[in-house]
Structure formats: C-alpha cells, structure tokens
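Across the two complexes that follow, chain A remains constant while its partner is chain B and subsequently chain C.
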Partner chain A sequence: MRFMKHAPVAGLAAAIVIFQLATTLLGREFYLTQLTMAAYYCLVILGLTVLMGYAGQISMGHAAFFAMGGYTTAVLTKLDLSAAAGGLPRLVVDLGLSVTSVNAFGVEVRHLSPWVSLVVAVLLTTTVAFLIGIPILRLKGHYLAMATLGFGIIVYRIVLGTSLFGEADGISDIPAFTLAGGLAVSGDPELRVQNFYIAAVLLLAGLVLLLNLIDSRSGRALRAIHGSEEAANAMGVDTAGFKLMVFVLSAVFACVAGVFLTHFNGGVGPSEADVMKSVTYVAIVAVGGMANLWGALAMGIVLNYLSLRGYFGSYDELVFGGILIVIMLFFPEGLLSARNLKNLKGAAVRLVRGKGGEGADGRP
Partner chain B sequence: MSLEQVLQYILSGVTNGSIYAIVAIGFNIIYNTTGIINFAQGEFLMLGGMTAISLAAFVPLPLAILAAVVITAIIGALVDFVFIRRLKTPSVLNMIIVTIGLSIVIREIALHVWDEKVRSLPYFTGSEVTSVSILGAYISPQVLWVLGIAAVIVVFLGFFFKFTLTGRSMRACAANMTAAKLCGINTGAMVTVSFMLSAAIGALAGCAISPITQTQYDCGTPLAIKGFTVAILGGLGNSTGAVVGGMVVGMLEAFSISVLPLAYKDAIAITILLLILFVKPSGLLGKKEAAGLKEF
Partner chain C sequence: MAVLEVRGISRAFGGLKAVDDVSFEVASGEIKAVIGPNGAGKTTLFNLIAGALAPDSGEAYAGGLPIHGLEPYRIARHGIARTFQNIKLFPRMTVLESVMVGAHLSGSSGVFATMLRLPASRREEKALRERSMQVLEFTGIAHLAHEDAVSLAFGRQRVVEIARALAAGPALLLLDEPAAGLNIHETNEISEMIMKIRGGGTTVLVIEHDMSLVMNISDSIVVLSSGKKIAEGGPRDIQRNEEVVRVYLGEEDDA
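So, the complex of A and B:
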C-alpha cells in the first residue's frame, strides 16, 4: 500500500533523471532550459489545481501572485548595499544577510541575500492573499471570477505604471540565487543541468506536499466544499477557513515559483502579471482534469514547454483560448478527469481482450 | 479648479460613462436571458469598430457602420449557435471559461485578420480639430454623437422590451425560463436574439467611440471590464442602473485624473468594482431578492 502510494512520485523522479541523461548524451541540453521554466510554471499550476479542482474556487489572478514573488526579489536583490554607511542597509550587512556577486559589467556588488528576499516575498504574498482572500472568497461564480480578475489587473497596472518596477521594461540583470555550496539558480548555460534538478526537486516537493494535503482530512473537507458548500457547512466543515487556507497556499506556490524563475531568467517583466498568463494557468488546470494533480502536471509541462519553445508561434494565445473552449464544450470535467481516464482504460482493456473496438465511447 | 475645468471633467466623465453604460447594457441583455456573463462583450465593440473601418474604405461611412452592425450581430448569433447551445447543463465555472476562451479567440483572430496597428474611423462630422463650446468648455462634436447614440440605444431598448412581442418574450425568459417555455415562447430563439442584440449595440458603440478612443485588436477587454464594473454597480440585469452606474464610474475616473497619475486610471474602476463586490454585491439599484434568484 505504501509502495503503491509512492510509486508514481518515484517514477516521476526516475523520468526526470532519465530525461536529463538522454539530453546530455544526445547533446541536446538546451532543451532543459525551457523545461526548467516549465517546471516553475507548473508549480503555479499545481497550486491552482488544488484551489480550482478540489476547493472549487476559480482564480483569474494567479499571475499577480507570481509577479509579486518575482518583483519583490528583483527589487530587493537589486538594491546596492556596497556603500551601506548606516541605518537599515548597514544593519543588513552586519547581520550577514547580504552576499556579493559580480554583475553583467564585471563589477562586484554587495546586495541582499535572495534567501531573505524569498522570505520577504512569501510573507508579503501570504499577507496580501490572506487580506484579499477574506472578502473575495465570500463571492461565488461570476463575481468571484471578476474579483480575482480585477485584482490581477490592479497588480498588472501597478507594475506597469511604477518606475520602481521598471514600468514596461521590467527589471533585468538580477543576481543569481546561490542556494548552498556551488548550487545557484541562474541562467548561466554552464549551470543548466543543476538548475534543471533544482526546479525538478522543488516541483517534486510541491507535488508531494499537495498530494498529501488532498489525501488528508483537509483534502476531504475541500472535496466536500466543491461538491456542495452548504452540505459541507452543515457537516461542520469550516468552509470559509479551508477556502482561505487553500487560496493562501496556492498564492504562496505561485510566489515561490515567481522568485525562482526570476533568478533563473535574471529578469522579470510586466507580462508575468498579465491577465493572459492567469488565463493560461486556468486553461492548463482545465485540460489537466480540474481535480487531477497528475494531469495538471503532465499538461503543464507539455503545454508550457511547447509554448516556451515557440511551437505555437504567433498563435500562442489562440491555442490556449481554443483549448479553453474545446475542453469546456466536449469535456466539461477536464480532459484528463478520472472518468475519462477510466473510460479510456475500459476501452483499452476491451480492445486487448478482443471484444471489439467499438467501446471507444467508453460505455462500460 | 475653475468652473470651465470642472465642466470639462464632467463632460469627459459623461462621455466615458455613456460608453461604459452601453457595454453594461450589452452584458445585461445576455445575462437576463441566459444567466451568462459574456466575457467576450468587449470584443463585439472591437469587431464593430474594425469591420466599419475596413468597409469605410469602399462604401460611405453610414453604410459601413450599418454593415458592421449587421455583420457583428451575425457573429453574435454564430457564437450562440456554435458554442453556447452546445453547453449542456453548464456550471457557472464552465460558462465563465467558455466566454473567456471566446474573447481570446476572437481577439487573436482579429489580430491575424487585421494587424496590431491602431486604427480609427473618420469623425462623423467635422475633424479632430473642430470643437463645440458649451458654457466655456470645449468638446469634440464626436462626443455629442456618442451621447446621442447612447441615448438612442437606451430609448430604443426601452421601447423594444416594452412594446414588441420579441422584447416581451425576452423579458418573460428573464423572469422565469421554464414558465416562458410553458407559455410557448421559443426560449432558444430568444437566447439567439439576445446575443444578436447585444452584439449589434456593442458594434454600434464600437463605431461611435472609434474616432475618439481608436480601435485596436485588443481594445475590447478593458472596455468589457469597465462595463462589467458598471453593470455590477447598477445591479446586474438592471438597465437604468447601468446608466446611473456608468455616469458614476465615468465621473470618478474623469476627476481622478486631476489627483492621480494617468497610469493608474484603469485601476480606479477596478478598485471600485472590488469595493462594491465586497460591500454590496447586489449593486446600487439591484434588489437583493432579484440578485439571489439569479444566483445560479
């Protein structure tokens, strides 16, 4: 039983290692760059899957939390502490919260440790998500969608209109995030393989955390809320509390992904806060089967990877918009939903047993 | 602030407010018959403006606008035939996602049919430098056109819903879909009509504002969000409320420019939206019971 529970995660870990070895052997390591980025985006999608699929609350503003993480770390680690004479900057240096790194011009600069900015970003996101979550999650349906969309647009407008955040240019030349020893999150091609593993480990950790969450008492409470909020309430489930908890958790997932991807890219721009990004996340959760972490993971990696490598060209947004419509019209429960997968499995079994292939429509 | 300046802000607020009100009425028409918030409403304005601009190169302006309205109405009907009808027992989440998907697809198709360039229709009368003086404030004659068209739309809809059989049938659908069906009203057709009507007035508004605000493939979404704010403020489904809400949001935006940087202008309407949603989701003029009944 324990083995069966851990087998998929172990399988995924093995697949990650095999894929890395294969790309290295074939001299195609550059594939790993987009895969690393896709993994960070997947972290946002996993958080959103629990919010949308299990708690049944739509969020059209998750790109805002991602941008919050990215911009917080960008602004904080770009502050030059070299000439810290007194006050807060001096204190930061004295407490050992700063690191030095060499910037693009070959000059050594002293700046805040990304570990500190990560903590600040998470605290900030938690606070914001908590404060807006309380009123927003009281809303339902269209109102909830519009309120989260509105929140996303406000963050986008602020990012786009404030000189501290670089306005339309964003912030670039962000120092690497040195984790420990020689491990660093940065876009340096030399560090491509280790960055792939950093992203993969983070993604696996997030996945295991969420798998355990939905398999726990809280997870069952969440599914009850999705089924019927009134019924869950009547059974004594603290619906408001659980919804808020998942909202904040998914916001933190987006924020952490934002921090890491910003250091990996060495820059962050307003497009990360764009509404279209939020819509893309929702589209992938829908394709993944709504309440299906594995489906969301698979689709998140595949679609983000194809999109980042530019396979969709100038039709990128059209592809994601089209996916939303097709999935909702023909597979309202999501493409990789449990029922569709079961139907597929049933059809495959019948096919193997030789009882004819007409069962493709999935009827038992 | 001098009197002229205040007047100038008020006129600008009324102009923008009436545009928002038209978008909000478009939302209301579809919401009343189907319970769907059509997130692609802003795209109807864009399509109307873009089609008229393309046609204006070949035919006289009034004909181009008329053709644009008809074409957009047909697209509205197609949206219902091809997508909305196929949603069987849709949940609210499904409806939201479908219309958002539609909005993206229409926008991206427009990007590939036209391009990313900013275009505009010629001014209906005069040019960009003509202005009319009202009590010391100067406004473009196009502003008067926008106000006039908004007024005509509101009056026309008032008559349509009160005195025509189709309009009355649509009101019956809004009140109770099942009862309307039992009375022999073809509810499916009414939904199609509501999409066509909504698309047509959106297209007309899109043409009227094109000389002032310009038209681009992605100009629909910001308008849709303002329109939605106004629709919520006035109470979803309430057209008088939409006009009042439009004026309130338009005025607040116009006066906000004098105190806040222009870059934050769009954030103001949305902040208002969030505040209303948190404090009084049924809107200023919306009845609580009515909002409750329509609540999925």
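So, the complex of A and C:
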C-alpha cells in the first residue's frame, strides 16, 4: 500500500535521471535549460492546483507572487556590500549573512546571501498574501477572479514603474545562489546538469508535500470547502482559515519558484509579473485536470517546455488563451480530470476486452 | 443540564418574522421533534441553532455555554452536528472521505504537519479512518466506503449525511427532514437509525414532515406555526392539542 503510493514519485525520479543521461549521451544537454525553467514554473502550477483544483479558489494573480520572489532576491542580492563601513550593511557582513561572487565585469563583489533574500522573499510574500487574502477570499467565483486579477495588475504596474525594479528592463546580472556542497543555482552552462537536478529535487519535494497534504485531514477539509463550504463549516472546518492557509501556501510556492528561477536566469523582468503569465498558470492547471497534481505536473512541464523553446512562436499568448477557452467550453472540470480519465480508461478496457473476447472464442 | 436551550430566539427576513420569540429545551438523551406546516420557520430555526443564520434577538446555549451568533464551525465545536434538508455532500470524495471530514474536529493536525506526514499526523489519520469506519458500520453503509458519495442513490446519500454528522461525535444531532423524498421502507430505516443513534447516547433534534415518523420516535414535540411556538409536549398531547389540529387541518371559515 505504502509502496504503491510512492511508486509514481519514484517513477518520476527515475524518469528525470534517465532523461538527463539521455540528453548527455546524445549531446543535447541544452534541452535541460528549458526543462529546468519549466520545472520552476511547475512549482507555481502545483501550488495553484491545490488552491484552484482542490480548494476551489481561483487566483488570476499568481504571477505577482512569483515576481515578488524574483524581484526581492534580485534587489537584495544586487546590493553591493563590499564597502559596508557601518550600520546595517556592516552588521549583515559581520553576522556572516553575506557572500562574495564575481560579477559580469570580473570584479569580486560582496553581497547579501541569497539564503537571506529567500527568507525575506518568503516572509514578504506570506505577509502580502495574508493581508490581501483576508478580504478577498470572502469573494467567490468570478468576483474572486476579478479581485486577484486586480492585485496582479497592481503588482505588474509597480514593477514596471519603479526604478528600483529596473522598470521595463528588469534586473540583470544577478549573482548565483550558492547552495551547500558546491551546488549553485546559476545559468552557467557548466552547471546545467546540476541545475536541472536542483530544480527537479525542488519540484519533487513540492509534489510530495502537496500529495501528502491533499490526502490528509487538511486536504479533505480543502476539498470539502470546494464541494460545499456550508457543509464543511457545519462539520467544524474553519473554512475561512483553511482558504487563507492554502492561498498563502500557494503564494509561497510561487515565491520560492521565483527566487530560484531568477538566480538560474541571472535576471528577472516585468513579463514575469504580467497578467498573461497568471492566465498561463491557470490554463495549465485547467488542462491538467484542475484537481489533479500529476496532470498539472505533466502539462506544466510539456507546455512550459514547448513555450520556452519557442514552439508557439509569437502565438504563445494566443495558445494559452485558446487553451483556457477550449477547456472552459468543453472540459469545465479540466481535461485530465478524474472523470475524463475514468471514461478514457473505461473506453480502453472495452476496446481491449472487445478484441480479446473475439480472439478467444471466435464469437462477438 | 439541557443539551440545548433556546431562549426567545427571533429572526426576520424583511417584514416577515420567520422565527418569532421561540423558546424550548432539549434534554440529554431525548429525541425531540420540531414540526409545523410549510413556511412555519422550522429550517430557519435550525439554521439559527447551527449558526448558518445569526438571530436578530434571543439566545441559544449548548450545555450551558452561549452559542448564538457564533459561526457554524464554532458551534460544531460545542458538540452540535447537523444534516441538510437539501443534501450537501462533497463531490469528488468517497463516502469514507466525506465521513472523515465529519470527524475533522477529532483531529488537530494542521497544514504543515500533514504536508510533512509527521508521526503524530499519521497516527491521527489512522485514528480518523478507524473512527469513520466505525460510524459507517454503525449506520450500515460500510460496504459503500469507497464509493463516490454523490453518485449513490438518494436514500443512501441521506445516510451518508447522517454518518458524516455522527462522525463528529456530537452531543446533539440536528436532522433536517431526514425522511424527505424517501419511500416508506427507507423512512422506516431512518426511524430505526434515529432510535439507534439515541441508544448510542446522542441526543437528537429532528425537523420532520412525516407525522407517523415523528409520532413514533419522538419523546417530545415542538410545534411551530408562522414562526411562533404554538405547542410543546409528548406525541399524545400534541395529537390532542386543538390548536395543532387547527393549524394542520385548517379551520372552517368562510373563505
């Protein structure tokens, strides 16, 4: 029983290793770059799947939380502490919260440790998600969609209009995020394979945490809220509290993804905060089957990968917008939803049985 | 001490007094029924007790503690569980999972403990599952544990709702028209189940239209008409009460 539960995760881990070995053997390691990026975007999508698919609360503003992670770490790790003579910067250096790295001009610079900026980004995101979540999670359906959309637009305009955030240019030359044991989140082609694994491990960890969550007391409470908020509340579920918790949780997933991808890319731009990005996340959750973490993961990897490799060309936004329209029209419960998969399985079983039956005794 | 005490509770919708100054007590271990013609305010009264609606005035006490004006989930913590007249089961959840939501309050693991599968949350999960299975056996639907709850027959869905409420281990179970839409056979099953639930130590307050069910199982009955309590007493007293007969059968008039 326990093995069965973990078998898919183990299978995914094996597939990741096999894929990496294959790309290396075939001299196609550059594929890993977009896969690494896709994996980080998938982290956002998994968090959003729990919020949308399981708890039934839509967010059209999750790109904002991703951007909060990305821009927080970008701004903080770009501050030059080399000449920190006194005050807070000196304290940061003395406390060992700073690291040095070589910038694009070959100069060694002392700056805040990305570990610190990661913590700051998570705290900031948590605070903001709490503050906006309390009033807007009272809304339902398209009112909630509008409110989160509004939040997303505000963050986008702030990013776009603030010189601290580089306005339309964004922030570039962001130092690598050195983890333990010589591992570093960085776009350096030399570190491509290890970065692929860093992203994969983070994604797997996120997946396992969320799989655990949905199949638990808290997860059932969330799914019950989706099914009937009134009944869940009558059963003693603090519905407002659980909605807020899962909203904050999914925001933190987006924020962490933003921090890592920003260090991997070495830069962050306002397009990450763009509303279209939020629409993309929602569209992928929908194709993934809404309440289906595995479906969201599969679709998240495939669609992000295709998008990032430029397969959709200048029709990128059109593709995701189109996906959303088609899903809402024909598969409002999501494409890879439990019901559709069941029907598909039933059809496959009938097909196999039908053929087998004829072959066995010659009768229809 | 009364399991539930309602004192002068009122609620109006616009100019309509849906529940008007209603008071009664539910004693521990009894089956009490609330009856009345359509529009008498029975479901509104239930919603006031369970917290789905806030009273305009009046008070309600569960085991001596005030519960009026609290949110439903807080009232549930005072040992009051309910079912709904128009069934509110959770789609995309099995019978067992639905009943485990009913047992929500017997657990305490939060989002983080369950994400990390901490040993305490694992033990708790097991206990919740066992407790819920016991309730399914008690209500005779253990064989449906892994079925999709909303795809069951209507009568079965009713039983799942009752099982879900029972899983909370309530001191007081509120049943909102448990026999509505059921055939005679199913109604008899429900009435046996209500007796069994009381036998298990749970006090029951039931709204019901089915007179034979009410008269058979109730220890005492509250009669509502146009939001007011017009009578209260044992089944025999109520059957003989002229006011009740007049409200139910209508009075001769010139209309």
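Assume the second predicted complex is superposed on the first by the 354 of 364 C-alpha atoms of A that agree within 3 Å, B and C clash if a C-alpha of one lies under 4 Å from a C-alpha of the other, contacts with A are read in each partner's own complex, and residues count from 1 in each chain.
As a convention for this text, a residue touches a chain if its C-beta (ideal position, glycine included) is under 8 Å from a C-beta of that chain, and two chains touch if they have at least 3 such contacts.
Just so you know, these numbers come straight off a predicted model, no measurement behind them.
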Notebook entry, point to check: Which term applies to chain B and chain C once both are placed on chain A by superposition, clash or fit?
Noted result: fit
Margin query: Just to be sure I read the superposition right, which of the two partners does A:139 touch: chain B = first, chain C = second, or both, or neither?
Written below: first
Item checked: chain B versus chain C as contact partner of A:11, first or second or both or neither -> neither
Item checked: chain B versus chain C, judged by how many residues of chain A each one touches -> B
Next item on the list: Determine how wide the angle is at the CA centre of chain A between the CA centres of chain C and chain B, giving a multiple of 10 degrees.
Entry: 80
Next item on the list: Considering only touches as defined above, state whether A:189 meets chain B (first), chain C (second), both or neither.
Entry: neither
Note to self: By the touch definition at the top of the document, which applies to A:157: first (chain B), second (chain C), both, or neither?
What the structure shows: first
Notebook entry, point to check: First (chain B), second (chain C), both or neither: which does A:286 touch?
Noted result: first
Next item on the list: Quick one: classify A:310 as touching chain B (first), chain C (second), both or neither.
Entry: neither
Check: By how many Å are the closest C-alpha atoms of chain B and chain C apart after the superposition?
Finding: 10
Next item on the list: Provide the residue numbers of chain A that touch chain B in the complex, in ascending order.
Entry: 52, 56, 58, 60, 135-136, 138-143, 145-147, 149-151, 153-154, 157-158, 160-162, 275-276, 279, 282-283, 286, 314-315, 317-318, 320-325, 327-329, 332
Check: Hey, which residues of chain C end up touching chain A in the complex?
Finding: 50-52, 71-73, 76-77, 81-82, 84, 88-93, 97-98, 100-102, 104-105, 107, 109-111, 114-117, 121, 124-125, 128, 164-165, 168
Item checked: Contacting residues of chain A [partner chain C, same complex] -> 209-210, 212-213, 216-221, 223-224, 226-228, 230-239, 242, 245-246, 249, 291, 338
Notebook entry, point to check: So in the complex, which bits of chain B are touching chain A?
Noted result: 37, 83, 86-87, 90-94, 96-98, 100-105, 107-109, 111-112, 221, 225, 228, 232, 261, 263-264, 266-267, 270-271, 273-274, 277-278, 281, 295-296
